[in-house]
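Each chain carries a letter (A, B and C) given by its place in the written order, and its residues are counted from 1.
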Amino acid sequence: MDAATNLTTNATALSGITDFLSETWAHILAEIPFWQDILLPALWDGLIVTLQLVALTAPFGFLLGLLVAVARVYGVRPVRWAAQLYVIFFRGCPLLLLLFILYFGLPSVGIVLGSFLSALIGFILCNSAYNSEYLRGALQSVKGGQMTAAQALGMTKLQAVRYIVIPQALRKALPGVSNEFIYLIKYSSLAYVVTVIELTGAAKIIASKYFAYFEAFAAVGVFYLVIVTIATLSINRLEKKYAIPGTGAGKGT
Amino acid sequence: MSEAVSAVITSAPYLLEGMGVTLALVAISLLIGFLCGIALTLGQVYGPRFVKRLVDIYVWFFRGLPNIVLLFLFYFALFPMTGFDVPAFAVAVVVLGLRSAAYQSQIFRGAIESIADGQMLAARSLGMTRWQSIRTVILPQALRLSLPGWANEYPVLLTDSAVAYVIGVAELLTRTAQVISKTGEPMVLYLTCAVIFILLNYGGMMLIQRVEKKVRIPGFGNNEVTDT
Amino acid sequence: MSDTPILRVENLSKSYGDLEVLRSVSFDVYKGETKAFIGPSGTGKSTLLRCINQLTVPDDGHVYLNGEEITHSGSKINEYRQKMGMVFQNFNLFDHLTAVRNVEIALLKVKKMDKAAARKKAMFELERVGMADRADYYPAQLSGGQAQRVSIARALAMDPDVMLFDEPTSALDPELKREVLEVMRKLAADGMTMLIVTHEMHFATSFASEILFMEKGEIVERGSPADIPASPSFERTRAFMGTYEE
């Protein structure tokens, strides 16, 4: 091959590359309005609904979980059994199925909750069942001597549980409960299936409407990664702050 | 009520088939998660720095995204890009498996890190290579220590597998919904479906407990390892 | 006795950051010798042993096994290590294997012996340390002294040219020390070449052919157990050791 042809080949290759780059660039420029005017606003709206779901579920899921845990550890036998059945059902039933029962099933027996409330109640039931397991373990791990010492001071059983056992147990359950919070952020996406337009729902609608599956799901993926990462980092901080010195809870780093 | 009962009975074979699909989904995903999980762990614990970083990113990605988003991303965007027509079941298995790998790798990592350094030193002092030491001394111990955490992975995958509904895999939940759209009776059929899931959950757990008992070694593995 | 030492250590040095753990340590070990390294904790004795079989890579210096250099020997080190049995302070038995499986695992995986031969050899070694009746026990079911004897059997099974003992009795209760000591004394009497790191004086003097005192990463004094008490610096060393004696 002589120098001249070599040069032409190079030139062709070069123009091929520049063509490709300018095409890509044009493509990106053409995409900007779609992202700016359609995709991102929709995802922002969805994000707000997701955050609402999470923010409303977390406190109720926690309190209900604590109630179930206390019932399982300190309740009389029928209460213990009821609590255990609760945990077995809501942990064993897939969350998606639970949402179907609440949204599609209940109306057939005359209870109409609507989509947002169905999702919210489903999340609270599921979240509380998982939380109750962490809390139960934590309650049971508080040594018997603590209870005895509290009662020796004249506290009633209820007071001893309330002021001595639960505060210790809460700190022990913190890693599990906060882990569950991270899961909650992710499984809040299931609300989309019962027509709540949260993040995933918003992405799915845009994806189908504009046939932009990759863009929509990649973008919504970034949203979730950012929320989950922020939540994880905040929780790590919280755990460090509330660890009791010498109780070895801060080991898992 | 009798209508509901007959709806359950006539649809039973169809639902049981769905149960089979669910179990296949879970079993294959667990297996993929197990194999990829071990590979990830070995990379993360023993690999060079850039491999550790890659595994960190992998775990961060798959643990940071909801199942449903992963399924949509792979089913509607990533697999179609390859040009192959991949069936929904395969996509679900790949997504659930890769995601489980991220979780399982962290269980294995916790287990490996809890094994005393002396075990590796002793193995190397006998002339074993690094890989021989990992294979014959570290992994057998790590796998046993992982069992409690791993036992947790089965119910998680089982309940997660229902999400495959959103891409139309004909598993138990999808089939229940299909039956309901024909016969009505949503409450009874959904509750039947829930009971099947719960039974599968407990059946599987009991099986795992038996395995745990079988491979238990006196005085070994009392320190439980779960993923955090 | 041949002229080539079984083990030659030349100017071995090792630092961790600013801390010099070993400073140019040199000595030769001939067949059948038992050398005891004594000195207070943190004087580099254990590091010395690990630098010999390269579990810790020394910064400087050379180690020769039967005249062959094993420092910088790459993957060939795995062959050399088989010739240098090591016994650890906290036994490091493989926790998931029974006593006999602990002894045969390297025979199977490293020496590629067939199952029957490996089992036979493992039982022979367990017999030698008086542990044959505990062959099917797991490490957690053994006392410290028993576990240490199994770990000695595990090292012996590789037919080593030299045995490296790293504080073999310091993790044991006094009454359990004796059974391990007896096994080691018998090995020495049978002509095994041994390097023992210890901070227990009477231990070292009871059967070592040479005693080397280490302090701050250096050998400061050496001699036969009979010579040492006469040496002037011995008083100082013994005073130093005194805390460990009782």
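Going forward, a residue touches a chain if its C-beta (ideal position, glycine included) is under 8 Å from a C-beta of that chain, and two chains touch if they have at least 3 such contacts.
Protein names from UniProt, one per chain: A, B = Amino acid ABC transporter permease; C = Amino acid ABC transporter ATP-binding protein.
Only a predicted model underlies this, so the values are computations on that prediction, with no experimental measurement involved.
If you sketch which chains touch which, the chains link end to end in a single open path, with no loop closing it. Among the chains present, the centre nearest to the common Cα mean is that of B. Chain centres here are means of the Cα atoms, and by that rule the chain farthest away from chain C is A.
Separating the CA-averaged centres of chain A and chain B is a span of 19 Å. Chain C has its Cα centroid 46 Å from the Cα centroid of chain B.
Chain A and chain C have centres, each the mean of its CA atoms, that are 55 Å apart.
On chain B, the positions that touch chain C within their shared complex are 116, 118-119, 121-129, 132, 136-137, 140-141, 144, 217-220. Across the complex, chain B is touched by residues 53, 55, 75, 78-82, 84-86, 88, 90-96, 105-106, 109-110, 138-141, 151, 154-155, 158 of chain C. Chain A meets chain B in the complex at residues 88-89, 91-98, 100-101, 104-106, 108-109, 175, 179, 186-190, 192-193, 200, 203-204, 207, 213-214, 217-218, 220-221, 224-225, 228-229, 252. The touching residues of chain B, when paired with chain A in their complex, are 60-61, 63-69, 72-73, 76-78, 80-81, 155, 158-163, 165-166, 173, 176-177, 180, 184-187, 190-191, 193-194, 197-198, 201-202, 228.
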